[in-house]
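Next come two complexes, and both contain chain A; in the first it sits with chain B, in the second with chain C.
And now, the complex of A and B:
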């Protein structure tokens, strides 16, 4: 099938471009810096979350600061910024080719425009998955090597969730899958915007601006947005991966192994993200099929 | 004589602007077909419609006896094209470009053939150099190799000599003649270099403001041009140029 041939070509092009490796280098560097900071000043970092409880409890810093905890901290800090790295590649997929004049060369070959858009989106999705595997390698494997394994303590507002280290790995795998879904949605948005542009800067900047605007609306936490936009905003649901680290507790406050505090919310978030992916890619295919290639 | 391309009543409107207006013409098999017009005459728009880059507002395009609208896939597998000045992928080399475009044309790339093709367009010594290091002329020749990678029956070249130096223009002319005479390909060439078209075309179409001014064999045009009062056109060395300017009222 021509789709797989085009996908193969798109992947080849992505991984021959020096720009692609900026994201991999940036992620490795940021994670190493965070790990270094936590190795040196980890107790201060934990104090930031446990400040209100230090008078009541003695905080076991050594136990809390382990590889799993560091990995969750890394994900909290950097996943918000990864959409920019995804937009750098996905926003360039069509608009970049329009700018260099290669889009018209591709479109005059015996490949349909639908196959072209789908293959470009699929290649962006593969890039996202590889980026997350790379992140997992540094954030999880690297942190375990540097800090060792222990039970995971997760802070949620004024609450603490303690997860046994035998119950943690599957949560990380699930969280990475969920993060992949969220970032693939960003790739879909970028590819969609890329259809309308003649150079890659426009869709890259537009994607980042859209993410920033919806993130601000979400962080404002005012009723007018909380009741209207935020329940459907993709930025709200992109953070769904955190849900895998919030556990259900028994009546006496003990964590129930293998539990998730709100599985329905996770499923809903996943479905909404899938809906956005379908919407953006369908719209991209529709627009690209109708587009006059004048560049 | 069989025709490779038949265009009937082709029209393209962009909002208020009619870029191509009720254009009809036919391209005989095996010919070099010169497509002439001033800047903005509608040449590139017409060529983009022939390649499905732009959808026509009205009219029919028949290629190899099949309507383009319903047989796009089959038709484009027999067509090669350069549309204006492509920059190509600067981070890839010449052979990698040919591999990509042969696969996109549904052809399994054979390394020897790809190298032969690059030798034919004069890039044999730069097979593995990145395109970012190529001159504009070399990029144009690589684009031609990409257009030829599926051994097309019809070659559509939109301003193929744009950005080329005099030697590059002469090389491109020789290549076009070689492809036509030695390989029997039908070639449509749009250009504003009338002298070049005069040297290679068998048949010429002249358009202005999207409308056909005339379609005739080069022989007919030369006969008409010699009948012009050349005293009024002393600066024009070429018959086609003289005739073109008299037609477009310049």
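And now, the complex of A and C:
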């Protein structure tokens, strides 16, 4: 019962700060700018992916540029940067209290330290979910209103997938759930780092640096990292949301409605992200319980 | 030396003679064209199946529009299809409508259990996009069962046709087309794909296939030229 009371207070604190809404504003602005750019130069954007095939195929530019395609493009561009916005709030959860001198007072209340960390983490998770719902509203609903609906074309490095528009909506819902899991993992990392800091800048910068380092290792695509670090790196599995847009095909090349290419890999990625969340939050609880609170 | 030059000259003459149009081939082509000429235009509902190594696409419902002599449009009314540009060659008038060409008989071959006469056609005009065509003609029903069309810019198209109730005017019930595809590969890192362990497509050029199964034809009702722009 105490947990939910603390959670309510933590949510109140998060949404009372003006900086919380910077993330919501920034996401809305970025999405609107991308939508505007694609409305004006959408064909050039599609040509980048289809240029090698223009001699062989009639490229249905008008059909490809629809709300679903724009939404995937938006998610592709901005989801990589959202960890920064998540770290901005989650990294402040405990370190911010330490910095403002309220952590000791908080620890004297009739709530266990475990409940306190869990409530702060849960509040960060609620923030992540609200941020994603906001993103979904602008990226999916907004793009559908601006560009209309059609089949979804997903361009990969060596192939492209066309998904019937009757088979798309559930994929977006699943992808948003998976993205939420990935960003909650970032929140867990930030909360964990936040336990050790006396001001919020440290855990925020540290979280962003960790994400950048692992993303670069992933983008290098060299065997030494591909075979060792990348299979276990959270940045590899955070991209799992894209897996819902990779479809399986039959022997005669036709997509199988409702299918996902190698769903086992998605389950594995989800499990690894859950594992990281459990690890970081358990470590945060353990460290916070041992912590000598001086401020 | 003179003998060698004479022999070479004779050989060249022979080759030239062999290349000249065979009247039997030309007559056969004329008979087939007469049958195909019964159609001025058509629109047809069809099912399109694309089988290209780097494309995963659902089965599409398309409408095929044709207007004499060589306008052809395949339109996916509801969804998205990557339609090969060479689909225009499923219209046999592209070959049968040639005026300046040489045609030679090249024996017989069985296509789907039907003994066909093989006719090789060589357009003589430099402006033609087709460089060579081979038609496998069913001499009894005067239907093209298979064609292999080589083009200047987009490679070779191999097309097999099956016929149903519209065979009287040379319209197929099913067309299977094979064509050359170019490699598809985006620069590394541009898409930042999720690695789900699925082996990547080779990205090398391979044969692509398109299957068009016609469901209903509407013949000679008149189609505006603007439709094909």
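The working rule: the second predicted complex is superposed on the first by the 295 of 295 C-alpha atoms of A that agree within 3 Å, B and C clash if a C-alpha of one lies under 4 Å from a C-alpha of the other, contacts with A are read in each partner's own complex, and residues count from 1 in each chain.
Just so we're on the same page, a residue touches a chain if its C-beta (ideal position, glycine included) is under 8 Å from a C-beta of that chain, and two chains touch if they have at least 3 such contacts.
Quantities reported herein were computed from a predicted structural model and do not represent experimental measurements.
Enquirer: When the two structures are overlaid on chain A, which partner does A:292 contact: first (chain B), second (chain C), both, or neither?
Expert: first
Enquirer: If we overlay the two complexes on their shared chain A, which of chain B and chain C does A:93 touch? Say first, second, both or neither.
Expert: So A:93 meets neither chain B nor chain C here.
Enquirer: Taking the superposition on A as described, I'd like to know which of chain B and chain C A:236 touches: first, second, both or neither.
Expert: Second partner only, chain C.
Enquirer: Should A:38 be classified as contacting the first partner (chain B), the second (chain C), both, or neither?
Expert: A:38 contacts neither chain B nor chain C.
Enquirer: First (chain B), second (chain C), both or neither: which does A:246 touch?
Expert: It touches chain C, and chain B stays clear.
Enquirer: Is A:12 touching anything from chain B or chain C once the two structures are fitted on A? First, second, both or neither.
Expert: first
Enquirer: See if chain A has more residues touched by chain B or by chain C, and give me that chain.
Expert: Counting residues of chain A touched by each partner, the higher count goes to C.
Enquirer: Regarding the shared-chain residue A:105, is it in contact with chain B (first), chain C (second), both, or neither?
Expert: first
Enquirer: Show which residues of chain A both chain B and chain C reach, each in its own complex.
Expert: none
Enquirer: In the complex of these two chains, what residues of chain C are touching chain A?
Expert: Residues 49-59, 76, 79-86, 153-154, 179-186, 188-198, 200-203, 208-209 of chain C touch chain A in their complex.
Enquirer: Under the definition above, what is the set of chain A residues touching chain B in their complex?
Expert: Going by the criterion above, the answer is residues 2, 5-6, 8-9, 12-13, 16-18, 100-102, 104-112, 290, 292-294.
Enquirer: Within the complex, which stretch of chain A touches chain C?
Expert: Chain A reaches chain C through residues 49, 52-53, 55-60, 63-64, 76, 80, 150-151, 153, 155-165, 167, 218-219, 221, 230, 236, 239-243, 246-249, 252-255, 257, 261-262, 265-266, 269.
Enquirer: Residues of chain B touching chain A in their complex?
Expert: Within the complex, chain B contacts chain A at residues 48, 51-55, 72-74, 76-77, 79, 81, 83-92, 96, 100-101, 103-106, 143, 146.
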